[in-house]
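Sharing a structure here in structure tokens format.
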């Protein structure tokens, strides 16, 4: 246990040392203030952003867009995942196409939705849904397919109805994989939202950062980036914690 | 028989997409028909309008990819071989994966200016993470019994690395490279979309701003086809490397 | 006949470094025995009695807490060049052909490629894998892969073979046949073999002597000579004399195996 504490402290120490180093480099004049803002001032600006409610305003927009996108992604993802599992012929045909598509930069599709929905949250949500649905679909279908044959055999020997088979055996058995997919869907939906907000200046955290870049507000820029990173990391660790809980109960 | 059926279904699926696309263009007048988009793509390739931009983007991607594999493998190996270093930094790297790296783009532009360097850097940052993670996995997953065998035959450290660890790593690291190529490409494109005067990403914004929608869609289509082909090709290579697959049972 | 392996009062206690189970584990309390040149000796014991640890110590991969191992007159501090190990789990390199797998040890010793190749072909022939030189392990069956592991060990011309349940992952029939194969190779090469197994039948089938180990912390409970005539065939292995030995060993092991079961339930 003591070992874990030392590791944690070392990690914090490394981060602090880096920040101190950056601070020193700027204060010493080695790097221009226009390029690198000293961490202390970034911290102050960040705190200002939080206090002034500006962060909250942008965060609110992002949160709303994200929630809608994620909900849609979940529905579509689980829906199609189950569909592709149930009808293996279709699933086996379409899934490789989806995976090939996933390897491509789907964010690049945003102009398409831009022409359809115009500048606004709808476009953001659309892209986020596209990027976030695929990992869910693939994992739901793979998870259900990966259920040990022996469990299915056992169920059938106990004469369960197809409904019971699905809800009481297959779904619980597939949960760890499905949950992994949901976590990935979460991450990719979030990335999609921020990316499109950023590129389109359409509001939310992404816009906050790109806007500050364009008005040459270097301190604000670093503050914004730091805040987004912090929020992303926080949310991500929460989701990972949830996943760990699920995995612990299932193994 | 099933393979035939699968291909038929896939063609059917693509056909359905095509039809949906047609419907879309009928509903939205400014949205070109798929036929027009395809035609434009072909024109692009033949007139050579696209090639200088393609070259720039490929250059950025290639350079960024190279950086990401060099540093990615080095960092990955450092994390995997040194336990303390690994325990300290790995969670940081895992969290970084979930952060939208596009948010770092303005920082890169501020530091490197508006030239190619920032795009290369962005591509590298996007590509480095899968390389790191897959390298770590590759080193960690070396079969313990193989290491034990090496020890029992008094293999030196270098021999152990060269003849046991390295071959075990080939497949996972190559997978990492495959994912990294796609991400590096994405990184370069995103940087071009945001702030650039050349490149495929620039073309997309340019055509959008000048209301040349068919050309814009053609570029996007081209990017997709390019990415998916390279990915498929690399996957095929991966599959043929299966004799390096170390995970197996009696 | 000279003594090749001397295990003198070996003990092994593992210090628990993770701080979880609170304390150390005494795997081996006191093991003391000898193996003479050309003998085939089996170590039988319940699961978890430290057989693998013992073999690792003899093979120079682990240091004993107390006592020492003498191989061919030399104290063992690291893997002895004249002793080769064969492991239970799959230990052949999947990315090398059968031939290059066998050459591995010779490669490490920087033997030139022509000598390596000839030796490897010779050994592959000896274990009955001629014709499979250029196949990959994934193309070979489990039994063939273990023969490959044995061939790789033999390529180094060891005097001693240390085998840790090499046939443990094979099905019973293959196991029996592999045992016969091993005896054939042993008779052709006259190596000294120390063989770990938890199968009494296998120990009796193969060995000159069987050492029965107790549950952890282990000691040698009894040393049982197997006077059955060689070659050991189905006939010799179903005689009353053989059954008697088997019962005897089982009686000893039963007590120890039950102790092991109780301990696991207690945990």
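Letters A, B and C name the chains as they come in the text, with residue numbers starting at 1 for each one.
To be clear about the criterion, contacts are C-beta pairs under 8 Å (C-beta built on N, C-alpha and C of every residue); 3 or more make two chains touch, one makes a residue touch a chain.
Owing to the predicted nature of the structure, the values given are computational and were not obtained by experimental measurement.
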Closest to the centroid of all CA atoms, by its own CA mean, is chain B
Contact tally winner between B-C and A-B is A-B
So the chain most remote from chain A by C-alpha centre is C
Distance in whole angstrom between the CA centres of chain A and chain C is 52
Here the gap between chain B and chain C, centre to centre from mean Cα coordinates and rounded to Å, is 48
Here the gap between chain A and chain B, centre to centre from mean Cα coordinates and rounded to Å, is 18
So chain B residues touching two or more other chains come to none
As the complex stands, chain C meets chain B at residues 59-61, 78-79, 81, 84-85, 87, 89-91, 93-96, 104-105, 107-108, 136, 138, 142, 145, 156, 169-170
Chain C partner, complex, touching residues on chain B are 143, 145-146, 148-156, 159, 163-164, 167, 170, 242-246, 248-250
In the complex, chain A touches chain B at residues 7, 10-11, 14, 34-36, 89-90, 92-94, 96-97, 100-101, 103-105, 107-109, 111-112, 114-116, 187, 190-191, 194-195, 198-199, 206, 209-210, 212-213, 218, 221-222, 225, 228-229, 232-233, 236-237
Interface with chain A, chain B side, in the complex: residues 2, 5-7, 9-10, 13-14, 24, 28, 30-31, 84, 87-89, 91-92, 95, 97-100, 102-107, 109-111, 179, 182, 185-186, 189-190, 193-194, 201, 204-205, 208, 213, 216-217, 220, 223-224, 227-228, 231-232
